[in-house]
Structure formats: structure tokens, C-alpha cells
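Scrolling down, you'll hit the structures one after another.
Each of the next two complexes has chain A plus one more chain, namely chain B in the first and chain C in the second.
On to the complex of A and B.
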């Protein structure tokens, strides 16, 4: 079966050294307008406020945060679906924010997305074959017959029956639909896949299958994942590094194990404390340090550290200035004036 | 439906659903609704009358016979004769063509233009959307019969003008239905997926969005058609429709007014034809909604 693939696979023209993706000071604000014909901007939703990170080939970076913190917006800004307000997105050494629409086309092959909602992400009026094959068609890869073979191969790769090409999305379950979405993302042999909460709409048993599939595909095709989720326990399984976002900012970023063992930022600590332990005895004994209150509105983010309104360690200085990212060793950095250490973690 | 999905997935060789099978499925869904089926059958009968009218009609629609004028219904003339001795039955059969031609063409034109306006307005949004929608609001704010009279009074009642007036009158409704569908669909993730892989706007509009807006559009179109029958008949009655001696149901009703006491059949049968076609079309479009948008019966 893999005969077709080799011909259709896109070989990189140049060898590029350095991280696959480098996001620097990314900002995205959505204007809030008022008025009907003559619209004026009365404010901004600060969706993403200065996000920076790097992602290497074959690496998975988990991006975690509560809903509305700008995780998905970050992903869509990287894909140039939204035009960032400012900041830079460098993919394979190429600055994407300055590219014209026609110039973007070649980059689009290299990065794809898997969506959260398995129902809204597939066009109900298209057959599975069309859905998975359209990316090949728009980038005019292969002849029609070759594309058909490739579609069957892709369905096989994601663990679906290759004979399903003539079926419509409504004939599949949520998990199967996510696999179709994944096949569509894989069609162009991308280097980067942005996984926008790909398992949060699935049953727990199906979640594990999907995560294992993503894991296998990553090794097979040397994919880089930006894995967006609101649940730290899901991210732990799959990520090499994890970044925690709060109100448009990354507050802590660290290698996966390190983050789970030694959370430095009070917000990360709160999130980790909220993960239920699947052992009723231990779970009962544990004292819950709950994050109190709600996320402040992103149209008026708090001054100073964005988290100070909910932080149990907040001091006057936190309300005045956003703490800078500080290195805590082992690739671990966090933005907090009063980072947690072993003792304070034990006390709280 | 979800229960069958997993079972279907387990079977190694899936059944294919071709276009023909989809149509057959729609057919079965329609037959499950007896009232809509009756409506559809009546509609088809009228449609056949419109197409084959002159060949079906027992008499020529202009065939006058003064000795036989104002006869009550008999076996010879099942719907009686009018003041010129013309066969009312034949004139109704032949008149169906005018109704379908004016209402049908007008509605199709309205669907084409309304869909274009709705797609553009909903998809691109912004100032263009604002301007288009306010223009349509102006059209909507004038009662439709009044607007038709004003327009026809200005340009004169020719066949083309009648069709255009029907189209102009129904563009706003069609455009609004399409626009609201587009507003909903354009935020869907499959549309984002198309944009991410670099599809053009025209592809997104016609391949991703329009096919999903089609069911409500078809339902709206059939509703508009039933309204247009009424409109064309009203215009005919007011003398702004098809001109005599061409057969036209509205015109026939108008001519019958003077003979109401002596020959009520002259008025009754064209009126019956109009109401039957309107009701049948409504029933059909109701059924169409249930067939094309199952699960949304109550909407």
C-alpha cells in the first residue's frame, strides 16, 4: 500500500536549522465595536497578550488553561487564520505574519489543525473521501486516481476502514469523526499539527485511543504537536513540555515531568491540585486547594500580574507590574514574584 | 441514528449510499406524511396541466360559442361556460401555464438573486452587508401588493415586467434566509479547515457553505412560490397581469364578477383552482421541510 505515498510525499527543499516554530510576543486583540453603520471601536478583547515559545520538530508542547484564556486564538494566529495584532510567528525560519496570501500557500501544507468539535469540523454534505481528499486537490498533489489511493491509505493510517470513502460524516461516531479530521490534517504530510482540544469532546475510553493514535503518528511521521487542552491530566500523557496560559499570557512553561512535580506558579499549582486522583481513599484524604473566583473579563484584564485577583500568594507588588518570565533551571520558567518551592508547596 | 452508526462501522464492507438511494430515502420520508403526499400529488397535477394544458383541454381556450354562453356545469362543460361561451374548464387548464410561468420564473429569479445577495452579505459582512440589508429592509417595509402595483404602474404590465416584479418582491426574504444560514455556517470549523488549507472564498462559499444552506433555501423557495401564485392571481384580477383574451385565473375571477348571480361557476372554479394550488404548494413545502431537515419539524 505505501507505494502511492512516496510519490505524493513532499520533500523539503532546504534544510533548516533551529526550532520548527518560534512564536515571539504574539498579541491578538479583537476590537469591540459599537454603532451600526459608523462603527467605532469601544474597547478590545485581549485574547493573546505577548505569548512566546518555541517548538521543535517531533516535539509536543501542551498548551493548557481555562476556557477563554487565548489558547485557541494562539493556535489560529499561528495558522494565520487570524492576523495577529503584533508579534512574530516564524515557521522554519520564515516569518508568516508578513507573507501575502499567495505566499502562505506553500506554508499551509506544513501546518494543519485538528479541531475540538467532531460534529462542526466535518462538512455534513461531503463524503469522507472528499473531506480527506480536498487538501490534496487544492494543492494539486497527484492525479485524481492517485489521490483516491492516498485517501484510502490515510483512512487506514488513522485506523478507519478504507472503504468508508463514500460515506457521510453523520454515519460515524464522535471518535471516528475525530479520526477523519486527523486524516484530513495528515493528508498533506504536515510538520506541525495544532491539536485544538482534540479529545475533550470524546468519552474517556475513546480519549485514550485517540491519544495513543496521536502518539503513534507522531513517531511515524516525526510530527510536532501544539496540543491545546484545558485539562492538565490529558496533556501530561502526550507532552514533552507544557505551557500554562492565563488570560492571554503564558505564566509557566516547563518540561512535562518537571511541571507536574515542581509547579512554581501558584496558578499551575491550583490547576494541578484540581485534578482528581483516581483512588477514592487518597482523594478523600487530600486537602483541596481550590482556585477561587472566575477568570476576569479579557476586555479589562487586571493590572500587574493578571492572576493576582485569584492568587493566594499575592502581595501589593503583584497588582502593579506583570512579573517577567524567570528561569528556574531545567528549562523551567515562570512569571511570578513569589514562586513556590518545596516548602511552600507542602504548606499550602 | 447514532445507535446504527457503531453497528455500521463494525461491518467490514459498508453499504454505499448513492445519489439515487438518497432520493429514494427522501421519497420514503415523504410517503410517510400522507398530507404532504396529497399536496405534492395535486401540485404535480397542476404542473402537468401547465406543461400539457393546450393538449389536454377539451376546448380551445379562445373558442367562443355565443349560443352556449353562461351555461351551468354539464357533462359537456364540467365547469360551465363564461360570458363568451368559452369552456371554463379548458381556460383553467390552459391558465395554469401562466401562473407557473410568472410565479415560477419569478421565484427562480428571486432565489438566484436573493441567494447571491445573502451569500455575499453574510460571508463578507461589514459595510456591504449593512447597506444590502438596509436596502432589503426598505423593500420589505412596503406591503408587497402595493409595491407590485407601483412597480407595474410605472413600467407597464408585460410578461417580463411581471416576472421581474415577482423576483424583486421576494429577493429580500430569500436573501435573509440565506444570510442567516451563512452567518451560522461560516463560523463552523469545517469552514475554518477549508481556509487553513488555503481555499478561495468562492470555494468556501459554493462548496462548503451553500450546500449546507440548501435545505432551508428550498423550503423557503417553495413557500415563496405559493405566495407568488396568489400575487400573480391578484395582479390578474386587478387587470395588471396577463392581458385578455389570454386565460388567467385572476382575470377570470374579475370577469366573473358581473355574472355572479346568474353564473357563479364562472367565479367558483378559478377561485378553487387558485386556493387548491396554493394549499397544495404549502403542504408540499411543509413536507419538504420535514424531508430535508429531519429533526427540525417543530421549527
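On to the complex of A and C.
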């Protein structure tokens, strides 16, 4: 194996004082346009509406919600792949929303992303070696030879044969491609990896391999993950804390075990109830259908609390005012006027 | 009375340029009236091909039923003519598919698509069929059905489209409903609504159901019996409580251990099934799971284990030389 320079070697990320990432009042609206020649804006999709959270070094924050709740948009706004409409994204003390393109490039060394679809996120005309080595080439790190060595090392880290560098993505299965995507994300020793539904396209046995791998890499390199997924059991498994999103807003955030044991927001409660557990004895006792109806369209979100149209505890005030985030202790907060407690959960 | 559906040693192969794909390779099971059989397995294990073969919905060629019988109410469907099959499809046996976005025709109105089957199979007039369509839409929980007959599929959400599919499947009062991953494309809260609906309608219409899914959580709540498939073969077949409480095949065990569960109290490492599912053009010799199995020995490489009753319980079938109880002895 060729020697690898010190700069290229994978080293655990240095610990940073204070939260690694601080997102405050993040808003992203996509314009809806009409007309072919003269386009005018006729409305907005309210994808993300005032999302705030913090993420520490080495921590995993899970972001869950149903399709269209804005969880992926939040992830992309953090990386500045979408320009946020308003709000702030502070990474290691640096405000990202004000940075120029060229300034962003150096910050992106520290934050990477793994996408959902392992078939669409790798260029079919590039070899695995080129794909994994591309971040190194873009940031002009090391010489060609050194980069090759680093690519082999990265493939080994994610559990692929280092001799696969000359193969093309189509020669790999979905799970292996997802490992290639992960190797690419790790190439620059990032501190934060945004995992956007990294396992939802995979079979359960392959999903388990991937989750175990993500766990191991986090411990080895002290990585922070923003883990975006719709599957609450997967998110609960991998995350230290979980934020639940509904129609562009975080409605509840808590340590994972606490969220599962004591959900206070009716939406979280309904979401947890809907998930089937692979245990027939438990399943027979559970009531799944707590939530009726569909998620409303994000171009005309409901007034007041966005969840009131499907909520079984809604009162007139919920239709008028958005409830603020309230602290429920143990790092647990939720935005609801009529939070659930032990008794009301038993009744529902 | 005999079983509603009886599959005997069914083999469906695909004859491709790369070789013969042994997609379904000798499976047998039965479904009784009013009961639900869950078929679980990972992608490419043959669970869908097996179900599609029942209705002969696989492209032939390259697909071919090489061997076996499909007895529906005692009649062998493998020998049935296309005409006979057409009177069964959508009438006695109905099917719902995974993707509600692509399984409805986007250029035809919902009302037309819903009534088509009833007019063909039951000889209803347009008027009668429309009345019944409105009733069905009500039964599957589509509000204001009468006003929606003239809508197109794109005007419905994913969950609502799946409800339309279910209404369509139920329109001719089928004896057997084949549901191929009916909730996989849906969000969990919608999934819960659809599963609840399927169970309720099953009670109401008394049909049998063949539920094909990769989600062990979904089958746990719905199925009476479960078949676990791996690489075109059945590896374990028993009733639901027994399968989850007393899994005997190493693949079933590992599959159950590899799912993160909501009720896990602490973070555990997920069970690892190393490697990948095999290539079905050249499946492994002997037991097809042996290259990934931690208990495999020489016999597993040499000889295929039969799917046989395991000593513990009646009707618990396992295809393994080293099933759990034999290892613990």
C-alpha cells in the first residue's frame, strides 16, 4: 500500500467549544410560478417555517416526519445547497448564510451529505476511485498518488474491497453503493455528515449493516450526524436526540428514549402509535390508527397550529395561534397548547 | 372443504440471455377462506414473482412456469386458458400493488376505472356500477365519493389512491385478495389507516388475503400464518405467534434481530447478516443461505434441507439442517 501523508490520514475531528451547529428560525419558501414567458409568483410552498435546533460534536440528532414535512429541505439549507429565505445557520461559530460561494467551499470540507437514492447519487460514468477521490481533487489535497492511497483506505474503512477502485457503480448492489457514498462523504474528514434517508432504500439486513457501520464510524471519528428519515424506529435506534417535524415546523424535540416513553405532542403520539412493532403479542394490544386524514398541502398551511386539522385534542385557540415551544424538562420541548401527560395518553 | 388456494411445488423461472433465473424454485403453501397469509422476504427473494404467477401476470416469455400446480378452488390455474383466467382476474382473485402512483391509469377518470371491472365481470349497467362505486368509495373511506367520480388520479393523494385501488379490488367481491406491498410507498400514519381498513374490509367481505411485504411489523399485526422466503425458496412457514416467538431458521432469526425496534429499551448492535442475497442465475449449492449463515457446515453445502415439520410444534415447517432447537440440544 502506498504511504499516506499526514494531512490525508483520517484523524478524529477536534472537539469544538460550544455547539457544532446552531440553526435558528430557519425559513425556506419555494415560489410557485405561473405563466410561460412572463413568470409571476402566485404563491409559496412553505417548506421550512422557523426551525431551530443545536447539534453537538459527536452527537446524532434525528429529524423525522412524513413526506413533505421539510426535513430534507432543512438538511439542504444547512449545507447552503438551498439558499434559506431567512434565519441563521451557524457552524463552528461561523454564520453560513452570509458567506460567498468561494468562502463556502472551505466550510463544506467540514460538512458532507449522504443521499437517499444509491442509484441516482453516484455518477454512472465515473469509476468508484474517481467518485470517492473527487472531493480530494476539488480541494486539491495531496498528489495523485497520495489520493489513490487515501481512496483505498476510505473503501477499506466503509467495508469495501480496496481493489474495487476501477469498477463502475452499476457493478455494485444498493447497500454497497451507499457505502461508496459514505466513503465519498468521509474523504475530507468532515465533522458533520447530513444523512438524508441513507437506509430507506435498503433491505432490512443491508440496512442493519449500514446502521452498524454508521455507529462505528461515529465512534471512531467523533462525527456528528443529522440523521433525516421517515422511519421512527430507525431514527430512535441511531439518535441521541430526535426532532419531530410537521409541515415545516419542529413540533417536539427530546432525547430519543424520553420521546418514545413520554411523547407530549399529539402528532408524535400518533406517529409512534402508527408504527407496527414486529411482535404479534404486542401488536394485538396496540391501537394504530390515532391520526385521521392526510397532511395538508404546504402551499396553504393551516392557520394557528399547523397540526390542528388532524389533532384529536384541538380547541378553538389552536386554529388561531401557533403554540410556542415550551420546555417540559429533561431537554424535552414541544409546541402544543394541550400537551399529553401520562393520563391523557392512556385515555387516547 | 379443501383449501381456497393451494400452491404445489411451484417453479417460475426466467429464461434470459444471462442464464436461467430461478426466481421461484419449488414453493408450496395453502391459503384458507377468510385467512391471511403473510409472505415476507427481502428484495429479489421471489415473493412478488410467486404471487404474480398465481394470476399469470408475469411476462411470458422470458418467464415460464416450469413445474407445479396452482389450485384455486380445486382448479389448476397453470392449465387454464387466457379466457378462463380473464374471468378469474379481478373477479375471484383481485390484486393491489405497491405503487398507487403508477397502478392507476392517469388519463382515465376514477369513476371509469372503478366501474370497469363491475361492468365486465358482473355485467352491470353504467348506472348500477356507478351506484356501487359510490358505496365502495364510502366503504374505503373516500369522502364525498359521488363528487369524485369525474376526478383524475392526480387529484388524489397517495393514501387516497391506494384507497381507490382497494375499492377497485373489492368491486367484484373477490374470494382472494393479493396485496403486494400495499403500504410500502405510504407514510406511516397513512399506512396505519390502510392496514386498519384492509382488516376491517376482510371481516366485512370475508375474503382471504395474501399479504406480501418486507415489513415484519406489518405482517405481525395482520397475518394468521407467515411464510419466510429466501432466494426463491421457503425457509420457514408457521403461524404468526410461533414465528415471532420461536423462530427456528437462522435467516428468520437474523432478520428479526436486524430490525431496529421502537420498543428496544437500550441501544444494541443490530444482528448482522454478512454479505448479499445470492445471484439467482447461479444459486449456491445445498442450502441457498449457507454462504451467509453462521451455523453452516459441510452438509449445508452438499445437500438441500427439505421444508419439513420441526419437532416442536404442529405445522411449523423449517428448511434447515441446523435449526435452533437442534443446535441447542
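One rule holds for everything that comes next: the second predicted complex is superposed on the first by the 334 of 348 C-alpha atoms of A that agree within 3 Å, B and C clash if a C-alpha of one lies under 4 Å from a C-alpha of the other, contacts with A are read in each partner's own complex, and residues count from 1 in each chain.
The rule is simple: contacts are C-beta pairs under 8 Å (C-beta built on N, C-alpha and C of every residue); 3 or more make two chains touch, one makes a residue touch a chain.
Only a predicted model underlies this, so the values are computations on that prediction, with no experimental measurement involved.
K.L.:
Would you sort A:117 into first (chain B), second (chain C), both or neither based on which partner it touches?
P.N.:
Touch status of A:117: first partner only.
K.L.:
Between chain B and chain C, whom does A:173 touch in the aligned arrangement: first, second, both, or neither?
P.N.:
In the superposition, A:173 contacts both chain B and chain C.
K.L.:
Quick check for you: in the superposed arrangement, does A:148 touch first (chain B), second (chain C), both or neither?
P.N.:
After superposition on chain A, A:148 lies in contact with neither partner.
K.L.:
Is A:108 in contact with chain B, with chain C, with both, or with neither (first, second, both, neither)?
P.N.:
First partner only, chain B.
K.L.:
Of the partners chain B and chain C, which touch A:161 in the superposed model: first, second, both, neither?
P.N.:
Only chain B is touched by A:161; chain C is not.
K.L.:
After superposition on the shared chain, which partner residues are touched by A:135: those of chain B (first), chain C (second), both, or neither?
P.N.:
In the superposition, A:135 touches chain B alone.
K.L.:
Where on chain A do the contacts with chain B and the contacts with chain C coincide?
P.N.:
173, 176
K.L.:
Can you name the residues of chain A that touch chain C in the complex?
P.N.:
66-67, 173, 175-176, 203-209, 211-212, 215, 230-234, 236-238, 257, 260, 270-284, 286, 288-292, 294-295
K.L.:
Flag every residue of chain B that touches chain A in the complex, lowest number first.
P.N.:
1-2, 5-6, 8-9, 12-14, 16-17, 127, 130, 188-190, 192-199, 203, 208, 211-212, 214
K.L.:
Within their complex, state which residues of chain C touch chain A.
P.N.:
42-43, 157, 159-160, 187-193, 195-196, 214-218, 220-221, 240-241, 244-245, 254-256, 258-265, 267, 269-274, 276-277
K.L.:
Can you tell me which positions in chain A touch chain B when the two form their complex?
P.N.:
Touching chain B: residues 36-37, 76, 79, 81, 104-105, 108, 112-113, 115-117, 120-126, 131, 134-135, 138-139, 161, 163-164, 166-168, 170-173, 176, 181, 184, 188 of chain A.
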